[in-house]
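Please read through the structure below; I'll follow up with questions.
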Amino acid sequence: MSNFFTTYGFLIVSMILGAILGLSVYLPLMSGQLSLASPGFYALGGYIAAILSTQVFKYTGDLFPLPFLGLELLLTTVISAVLAILLGIPVLRLRGIYLAIATIAFVEILRILALNLDITGAAVGIFAIPQPFHSQIEYLWLAIPLLILSMIFLYRLEQIRVGRALRAIREDELASGAMGIDQTYYKVLSFTLGAILAGLVGVISAHFLNTWNARQGTFDASIIFLAFVLIGGSKTFVGPVIGGMILTALPEVLRAMAGTSGLPLPLANFLRDGRLIIFGFLIVIGSIFYPQGIITPELLKRIRWKKSV
Amino acid sequence: MDFNIFLQQFLNGLSVGSVYAIFALGYTLVFSILGIINFAHGAIFTLGAYFVYFLIGGASGFNGWLSNAQLPFSFPFAIALLLGSVLAGLVAIIVERLAFKPLRERGADSLLTLVSSLGAAVFIVNLIQLLVGAEIYTFPDNIYGNLPVAINLGTVEKPVMVRTVQIIIFLVSALTLAVLTYLINSTKIGKALQAVAEDTTTASLLGINPEKYIVFTFFLSGFLGGMAGTLVGSSVSIAGPYFGITFGLKGLGVIVLGGLGNIPGAVIGGLIIGLAESFVPTDYSGYREAISFALLFIMLLVRPQGLLGRKRIQKV
Amino acid sequence: MDIKTPLLEIKNLYVNYGAIQALEDIDIVVYEGEIVTLIGANGAGKSTTLRAISRLIPPRRGQIVYQGINITRSRPDQVVRLGIAQSPEGRRVLARQTVLDNLKLGAYTRSDKLGIKSDLEKQFIIFPRLAERRHQLAGTLSGGEQQMLAIARAVMSKPKLLLLDEPSLGLAPQIVREIFSVIRQLNESGVTILLVEQNATLALQTATRGYVLEAGKLVLSGLASELLKDERVKQAYLG
Amino acid sequence: MDSSTPKELSTILEVKNVTRRFGGLVAVNAVSFTVEEQEIFGLIGPNGAGKTTLFNIITGLLPPSQGELIYQGESITKCKAYQIASQGIARTFQNLRLFGNLSVLENVAIAHHIHYKTNLLKSLFGLPPTRLEEEETYNKSKELLSLMGLIDKQEQLARNLAYGDQRRLEIARALALKPKILLLDEPAAGMNPSEKLALSDLIRQIRSDFNLTVILIEHHVPLVMGLCDRIAVLDFGQLIALGQPEIVKNDPAVIEAYLGDE
Amino acid sequence: SQTNTPTTTTSNTQNSPASTSEAIPIGIAVAQTSNVSLLGQEQVVGAKIAEQFFNQKGGVNGKPIKLIFQDTAGDEQGTINAFNTLITQNQVVGIVGPTLSQQAFAADPIAERAGVPVLGPSNTAKGIPQIGNYIARVSAPVAVVAPNAVEEALKINPKIKKVAVFFAQNDAFSKSETETFQKTIKDQNLELVTVQKFQTTDTDFQTQATNAMNLAPDLIIISGLAADGGNLIKQLRELGYKGLIIGGNGLNTSNMFPVCQKLCDGVLIAQAYSPELDNEINKAFRQAYLAQNKKEPPQFSAQAFSGVQVFVEALTALDKKTPIKSLSLADLRSKLNQEILAGTYETPLGKIAFDPEGEIKQEQFFVAQIKVEPDGKNTKFNFLK
């Protein structure tokens, strides 16, 4: 078992972080805003943590003190929120694919900045980021509470007035205005909450990955995060959580499958060399068979109903 | 600025821009009909270049399952270009049938096609890698016959050089633009395409078979993509399976700048970004990449419909 | 007029939306040269019937036969080519195209340039409003203007059978009268018409025969003049 | 508004010289009228006369090119749509704008939104007052659905309703805002004559039960004439007549432009 | 044909149970997919040649080695996953990898914590061996390789004054290398007229090229990778640049030849490896490579080969002192690490050893000039140094 955790500890934590990143894309999507800015805030959070922990905080001892980590999280929350509001107010007037592209542009501009600035370590990035834990699996102490808190938050959010307002905007922005809903306020709200979540995951990831550079949080990531939500299901928060976990684990599951002994040789070869071919294929298949995502509100209802019977 | 230098940079901008434009034409075409971005376009662009490479008799390298393979026959470049582009068009149709049509029929969130087309792109790119490796493939330098590699538009002392391949790319984009514009604006096919673009159900009530037009659009887009991939590949070589994917992101910028789904917009957008990049001061060359995105960002805030796009009216 | 040849026959038609049964065992015959009207309360299944004929939704059971051809499995565009046009519920004009382009697209299946041109002029004479607005984007038309466009567009395909889903919806009273006279004219010029209409009085005054739908089932049918006098119809639909 | 001060004027809405152009087209041309509290005010006119455009201006979806709107003594010309809605002006849409992928019940519940102001944090923690609020929201929504005869369909997605039912749902949703003015854009379109009669009774009932003012666009002349206290007639954007139904009905200009002679 | 496929050969060994119980597992974690795989694939080839070569020579005192490949897929997450799998599941004694420095910064600390020796085959950025005791590299840091080329250029053309520098700003390796080049230019009292940045994904360099050419440089130095570097050279030449060009270590691959073809002629390349190096092992390596791939072995293959070689020889030495069988895996790994750092190795890269931190001590560096035969077909490196 301990062997399992050392091999897959990293993956398990990655899956949880993937789930949270899924939520960070899901939040703006609740109000119909297809924002792909999450990787940008993720990168930002990572840089904040990397810079603070390698250049600002001084500490003695073997492990990076958790209070410092808390400080990084706090600071990232504030910076992400401020940036998200400043960015959100002009950008969220855009709709659909236009918004998506504007946010991609934002992410790219951040990336180029990181490549050109000294403080971000240019292409090499920042390395030797200190560790708050002895082993990777212990990062669960951070990741799980963050996931659970976000899930409770979203669970409640979907039940209440605010959630309904977000859904109304998603359905028909114009009509929602005529129903007295202040679209700008709610759109910026959901965008900001998503940005904060992404930033927080960035902080954890920077420590978790030992290093941070401009390859973290790029355009590819934007689309992968979006896939978390859409394949998982974009109508309930459970969707992105499941989607984030499955899609993060998928390439590694394929790796493990390729390693199982007793497979016929060509198949084993294909599983290994064609890992990403299969990944691509599964994404297409997943989209076809779960056009509404794997988890839908109806499915949840059915499950709940079965339980209560 | 010295006029010759200015002219040189201007021509550079046009030539870089025409590469963006030729990529973006097929990209924006699909958007104009289905209102969705086809992320697999970059992969089909790449694939077209590989097809033509093999059709003119090229051999594969050593790093793939098809190591050291070669077709038993070969075609002249012009014919290979045509055939390769047709093959790319057929692949585009397959992508449409597998990754787009089922979603359309099942009434999926249209965003999901972003994801499924990305899946198709991942699939194609990695299949290429598995088969022919990540090596760089290059077209022989005699494919354009005896044309000089570059033409001097200036004097001997003050040269203004333009690479011939780039001129070809520029001309082909201009020609493609003209043909597409005519097709869409002045023919019955174009009108029907626009009807399909707006509402497939209504189109079918008018006797239009939307599926036929969607397939046609994908074929055309794949054909143009394949051709573009070959031409660009002949200019800068096929730098591995990710070759076309790297254009995808900037291509997105290009088509939004010009106006999403707007055919001339794709060309104008490409040229503008090319020009803007070529006039970045030397000291800021590190920020060149950011230029297209900064332009795009500002454009979206000021005029979201793009330079040539028409504002979407919404009557209540 | 020979009204003995059935142009359209709907036999034993069932249509479902998921679990909801919208039509149950519907049998309708439309003879060549008739105006047949379909009336019924909200949600009775009138629009569903027209959608099924245009093949916009697949029937669960039953048959639709047009001019002796079974079109139950055809595609919508094939149905149009066979000569069935529909002016649908909700108008569905192509919002981003001009009035003129909408009308031209109505004639998509035709290739007689001259005929198209003269038909276009005819529409503009019937609906002068559309002539005025021929270069306006259809999406910016007023509700009634869109309704006129939807009807004119359906007529542009020169159909043998015209399906009209509430053509009077949202039209000013004067225009409603005009529309109904247009319907009669069209019919006289040889177009068979299947009319769904809330204004049951007017519909029954115009039609040869009528069918009454209730909750997805046919409850009554007969000559229009007789339905007009029927107590049940009077009470439920004529107000 | 301070309701304790005695109001002598019962004018609730004043449309002052409102004009709206689209390019060269003048869709609404210098229109002025006032609407009194608790009246049912009809707005009629030929197709394309500018009725819907005027509704859009009143509800803040379109800014007027010129002119002013006074609601309860204050100008709302510059207000955004959501502000106007939350001040008590609700509407239905001629080309239905329901939240199609949400259930019928949710469509109505959403409109209750503006009446509860517990903040995000409190409601997130599900404190008792919010629980109550939520319950109340759904109870009231169901009441409205029963009133409109849609209670059986509360679980269905709005877009799956038949056309006439969608119109009713539009009204229920607008009522949930507890408006002072209700703007109805062709509410009876797609209903048969007996349904129209029932609707007209319902509108009267709503007016007295909810104490509200109704402005109504409708092409069904008997309904308008029987229901409205006063009627304004638009033609080519201009106000060509205003007054009690009998007067308007017999106005030659109105007959010429709209009614035609039967 | 199938046998040429690098990936097939491993699976042969990996899946045949006969060798599994016996063979000593060594991990290879390089980028076999993603756009880094152009480099990773060369490393796979080099490592496989090593596996075959040393097993034929009797492996580790009779025991064969078995290479286990785990794809790092070009990103940090993938690399960490590959390392984790190798360390705990495949139970390797040590790892050769990863391909890029950025990924080394992510994954090496994992191996360090687990006490598994790592040899970086191509990680040239500053700070890699300093990650920890278990981390060493067989790739010389750029700072050592680069200056040689500038000296050679000055020998060819002593009149060089103005230098233009190009580098790929999104590539860690190129970024470090250009700093060394720029420092060398200063040290040699040359004038640095411009620094032009580009991205490894760029294909069109006309703007940068003409920008630089307007300043009339006598020498252009490029730090980039094969495709972009090749295109840059090609476009410089096509646009009429006549002066000398120095390519950095990233251009040290025959992968570049197809890109610039004839126009590669005359380019100087700083190298950490030369196919012409005259020692037994390199001859054997070169021969094997040529037989399989019909072209000269690139540096990345040679370095991967050397990485495996270091493991094999250190294991052999260790086994002689304490039989490997008698050691627990943890002991084996830590003893092996000491043994690696202590030894000297005669490799295709020449004689190499390590300093106590794990930095490579390489004796020979090379500068080659690319020579293209007039027919434009045959291209090779001519070694100047």
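So that you can tell them apart, the chains are marked A, B, C, D and E in the order they are listed, and the count of residues begins at 1 in each.
We adopt the following convention: a residue touches a chain if its C-beta (ideal position, glycine included) is under 8 Å from a C-beta of that chain, and two chains touch if they have at least 3 such contacts.
Given the structure is predicted, the values throughout are model-derived calculations rather than measurements.
Q: Shared touching chains for chain B and chain C?
A: Output, common partners of chain B and chain C: D.
Q: Which chains, if any, touch chain D and chain E both?
A: Touches both chain D and chain E: A, B.
Q: Find the chain most remote from chain C, comparing centres computed as mean CA coordinates.
A: Farthest from chain C by mean C-alpha position: E.
Q: Taking mean CA positions as centres, which chain lies farthest from chain D?
A: Taking each chain's C-alpha mean as its centre, the farthest from chain D is E.
Q: What whole-number Å value describes the gap between the mean CA coordinates of chain A and chain B?
A: Going by mean C-alpha positions, chain A sits 30 Å from chain B.
Q: I'd like the Å distance between the centres of chain A and chain D, where a centre is the mean of that chain's Cα atoms.
A: Roughly 43 Å separates the two chain centres.
Q: Averaging only over C-alpha atoms, locate the centres of chain A and chain E and give their separation in whole Å.
A: Computed value for the inter-centroid distance: 34 Å.
Q: Any chance you could list the residues of chain C touching two or more other chains?
A: Residues 140-141 of chain C touch two or more partner chains.
Q: Can you list the residues of chain E that touch 2 or more other chains?
A: 33, 169
Q: Of all the residues in chain A, which ones touch at least 2 other chains?
A: Correct list: 115-116, 174, 273, 276.
Q: Just spell out which pairs of chains touch, all of them.
A: Here the touching pairs of chains are A-B, A-D, A-E, B-C, B-D, B-E, C-D.
Q: Using the touch rule from the top, collect the residues of chain D that touch chain A in their complex.
A: Touching chain A: residues 59-61, 80-83, 85-86, 90-91, 93, 97-102, 106, 109-114, 116, 118, 120, 123-126, 130, 133-134, 137, 173, 177 of chain D.
Q: Over in the complex, which chain B residues touch chain A? Could you list them?
A: So the residues of chain B in touch with chain A come to 36-37, 39, 65, 98-99, 102-103, 106-109, 111-116, 118-127, 130, 249, 252-253, 256, 260, 286-287, 289-290, 293-294, 296-297, 300-301, 304, 314, 316.
Q: Give the list of chain B residues in touch with chain D in this complex.
A: 315-316
Q: For a test of understanding, state which residues of chain E touch chain A in their complex under the given definition.
A: Interface residues on the chain E side: 7-8, 11-12, 14-15, 17, 32-33, 69-71, 73, 75-78, 80-82, 84-85, 87-90, 101-102, 105-110, 113-114, 125-127, 130-131, 168-172, 174-176.
Q: Sort out for me which residues of chain C touch chain B in the complex.
A: 54, 56, 75-78, 80-81, 85-86, 88, 92-97, 101, 104-106, 108-109, 137, 139-141, 153, 157
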